[in-house]
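Letters A, B, C, D and E mark the chains in the order given here, with residues in each chain numbered from 1 onward.
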């Protein structure tokens, strides 16, 4: 599969905006550095040519922006979707969160995105320039060093465990479509499951105690699109602005994960954005793994309109008391 | 802020015996919102209710908490009391300090503490209660009776008598049920057919009653006053309206080897048949499992001999959809299978029979034309052993049998024994019993007559084993009073098999969303005070589907159920349950989660224009609840991720307030 | 100036920790964070901590008082207590400067006694930077990363740790570790400073312009069209505010524990839709307004109220942590801070 | 706070109105004793029980939470308990994944006819929770006295 | 009931796992018992006598050793009382108390006959000796 180039995306975006297919383009905008791209809405070809960028750090999932963007004005919005993004896209459609008619979706292949933290861990801080060459990133720093690092070694966690290279929704596909992949995304979950109750408690206590309740995980999540979140609603019984007790960090993360259980597409944005580096995806994946085990394989967003496991049942479902029985 | 009154009931000593009611009412005085608190001997009494009414007026109460028995008992009572005093009836909450406190706890101190906690929880809830007004829904003035035995017949007749149309759905080709198979009825010994068949004819002739025989209920939707039922009319391959019931087809049909279920398989019928002479409707039915024409396409004798031209081999099952205001379950019973009772040799010897088979053997319309003959060799039996409690009163954990007493066996066995001795004085009749239970008008006198006048040998003890030896049945049993083991060479053994609910009851209960007990008998709304109603509104219980009972009891319950149905159908409108779901459109995402879990299809969506918090205007898809259809289960409230869906009367904030009050 | 060899640094820490609580950045598996020092902990070599040092004086949540409810009586309980002395070691120049900004807010009349109590009992020991990150821009706000403020300033070279007291509190600190340190000249320190300054000049954000912002510029920027585009992708999360060393907004809330009420304050974020929600509704209804508020506050409102001092110290945390990589630098550039670009 | 061998847990039982609440009433009718620490909250159906309520109970000081509903297939509302079953299966599994003692939370199907089962279940559950001791892992210190 | 008998009763109930209170006195056990004629006390009497604490006569009765342990009573009891287990428990209590074997290995050859299945000897040894 060919690597898609920034130029080809710019060309496509300009073409669609100029021929009137779309009136706006959601894309990545150049940042101060080569890795700090910002999602942006471009309204004309000039802007696109000047500021649109697609590189190894174009990780942000645009699906969620469609809710807000499709409510604005006339004309269609062009959105570029990596395979994982299409799952979120489909899930939002399933939940009627935006008007499909107002979107022109272009599927783009993806070979995985780099995690800047991993890059810095590998080659150090003070990065001035990152360029891509074949399967390597060339990193220049403040101190005049030029380091090379293999993209495969600095892939974001979600890309290492990529579940699918297949686009589940698009109007147009650039390049070839891939397949759903075998992956090891549940390995870490299993590792935790195999710990003792005490060890698991210690693990999560340590992780969750770092939470600063910035809500970034919620706000970036393409499944968390509630008009009013329960955590912002004083009447919900769980509202809180900051964590005043270790209970609250658990409450927040359990309910957050539970609310997206069966709807989470495992896009990994929550873990990507966490300023405290809490492995939030391990909570969501636990639900996905349990759902697969208890109710049969199900991946939210794979099929538009599919019935989420929590709004479904069979008469023979596992009993909750049995669901937690495991040898310890 | 609410102005709450707390009323603590002593329930005589039922509550006051374990709970210091004075302390409870004192403690609850300090709860937020409480402006008045008192206790009284019987809150549900007129005097008690007057205390509440007076307090509402005097203290300008906006909400009341009654600490008393279960809300399932008197919530309605106190709601009426509140309403009578001008307070919205949904401003009443009950703290269940009897069933869930005083009756299950023994220690005064901890019982009192718990009662206070339960009271606090109720106060916390009332603080968040809002007046609710029930919606109204129209009543379809037609009733459905499921089952056409004596229970169903009586219920249908009584409802029709009151002027309401009734449909009977019976899965067999004729109505009549078990009673049609009986010979005589205790304790009067009048013939079952003589008293039943006129009622069957009444049903057939009543223009308010429709009979769907050979039919089954397929699907039930809706709710009290507004049920929609799909009835499957199975193809009987005979045009019901054309068939004259002359019976020629049933005589000419060449397929003669069909076990006759009406005679408990003790003789055969044809593939086309009328179950018995007095069947209603008197229409032939072709049994597709045996009809050569239907199976191979070759035969057609019945069509040839039918002068009315009623035979139609192409008939298909038909689905009829009808609306009903009320549904009566009258699905009846069956004797349990004797397969697991090897010790009685039921499967080894034809001469070991069940009591229902015995009924057919002594019935003039039965396989032996009423002569008591052994099934094996047609000889007259001289020694007959009756075994009682076969499969009744067993241990709950036993693999075979039922835990309950089947209630009718003692009496019908006495009847059988008596009739046998009456007709055949040369027979020795033994009845093995554990207890003889004869509570009922003229019942014990009847049993005593069997012993004293007819010389039936009643032996206290149980039969341990029956073993066929030659043409005899060796019955080994204990005679507990003599402390002896008996060995009787019997010609016939009759087993009083336990009875169980018909197998169709369980799927029906599921369709009706009516609850059942562990034995598959329908549960009544209250064991004493509402014995003919199911907890599911609009569903009533008639006959043995609710529990074992004899004919007089069945008929009285059937009439009682009819009275309840008539009461319901006489109303033009029903007040709905106001505790229904409510969608906050400002918070709704339109995601459809609620719609997917709603069992009633009560949720619909609309695109509406909203002024968003950031002053923009957006068209959003939002959920709306049809209050007449919603039954208030609350499944949607949890499915909803944003909490836009809430349940009136059981609001999130109310439940949380209860949790907080209990846990503090 | 005094110094000790890095080998004996642990002894210094031990001495300090014996005396009062000692906090310093320690490496965890997910980056460095302040931790109470215990034997065996090592001073992190990371440039800075995930969370800023403001937590020491302005913790994320803090109980202010309690109410006891018995029946219908309410009793007010003052839960304040006098804090004990503590040392914060290894604060970087940017965070050290942030204390000045917080002080202006919390210590000006009416003085925030909770904050003051903590501040009084703290000794701030700063540590000069040697390997800045590309996200650093403290120099833009006139901060010298090679000579951070604080009660004591430290420099860490390849072999030694150098200490210099900046005030009386600092002198007392130096006094405390006098037997473990030796008097020395500042040559090594000066060399390091010069070297670091060369690097600081090369920082990509070194030439970020602040001139256009500052005092009384509200009218100029309030209705700038750029806000729309800048705020478009903002998620409205609170990451920037919570990692920011100078953000000082808080909410005061009552928590009903079931047997009493705790009145506490907690960080709040102007980026949140519920921020300063009152009976009449929200002050700032759109994400644009909320977004604008935060940056206007840092770049215009704060300077307006505080003699032109900016409300940003250029620590770069928001640059690194924002989920969508929108930050004050991009805002400054977009609003014309760097015409030449 | 409490001497360990005298530890009396606090237990919240959510009971559906149609089956389990009636089952609890039946336990009362038959005078089948169970511990005072069990406090019942009536909900129309077990499917009304939001995981938030359960966590809230733990936060506020509950040591055990039990949810009771109609047996599968017997739900008064046809399907409510099937949804409960899925929600709780996932929630229980998640709580355990976070290291919360699995014995603290339970779901039981109790019909209106099962007064004896109700009492037995509550006795057994209370015993299990008592054996675990105070809820430490899902406690909110502010709510402790 | 004497203290001693009470202890014995609870010991028998414990070791047999039988709850004699479940008996509804139908006598099916006795009606089915193939050793009825050999026994002085019959299965239903065992159950009743243990329940009422009248155990003394049982201890001294040959009936203890006449029960074939064929389990017919266990199989047929509608209430799941399991009388044979109770008989066994009473027998064990006697054997334990006396410390005497009712069957010694040395006695066996004299008892052997061709008709008797091996199993019976083994079970007899198990039942009648310690």
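Points worth noting:
We adopt the following convention: contacts are C-beta pairs under 8 Å (C-beta built on N, C-alpha and C of every residue); 3 or more make two chains touch, one makes a residue touch a chain.
Worth saying up front: this structure is predicted, and the values here are computed from it rather than measured.
Number of steps on the shortest path from subunit C to subunit D, with steps defined by chain touch: 1. Between the contact lists of subunit A and subunit C, the overlap consists of B, D. The chain occupying the central position, as judged from C-alpha centroids, is D.
Look at the CA centroids: the one farthest from the centroid of subunit C belongs to E.
In this structure, the chain pairs A-B and B-D differ in their number of contacting C-beta pairs, and the larger number is found at B-D. Note on chain placement: the centre of subunit A and the centre of subunit D lie 36 Å apart, centres being C-alpha means. Taking the mean of the C-alpha atoms as each chain's centre, subunit D and subunit E sit 45 Å apart. Taking each chain's centre as the mean of its C-alpha atoms, subunit A lies 73 Å from subunit E.
Residues of subunit E in contact with two or more other chains: none. Shown for subunit C are the residues in touch with two or more other chains, namely 255, 257-259, 273.
Shared interface positions of subunit B, defined as residues touching 2 or more other chains, are 597, 616, 639, 652, 656, 660, 663-664.
All chain pairs in contact, by the document's touch criterion: A-B, A-C, A-D, B-C, B-D, B-E, C-D. Here subunit C touches subunit A in the complex through residues 30-31, 33, 47, 50-51, 60-61, 131-134, 199, 202-205, 229, 232-233, 235-239, 241-243, 251, 253, 255, 264, 266-269, 272-274, 319, 321, 323-327, 329-330, 333, going by the rule given at the top. Residue ranges of subunit B in contact with subunit E, taken from their complex: 343, 389, 391, 393-395, 397-398, 401, 432, 434, 460-465, 476-480, 483, 485-486. Residue ranges of subunit D in contact with subunit A, taken from their complex: 51-53, 55-56, 58-59, 72-73, 79, 82-83, 85-102, 106-108, 137-142. Across the complex, subunit D meets subunit C through its residues 60-61, 140, 142-143, 145. In the complex of the two chains, the subunit C residues touching subunit D come out as 255, 257-259, 262.
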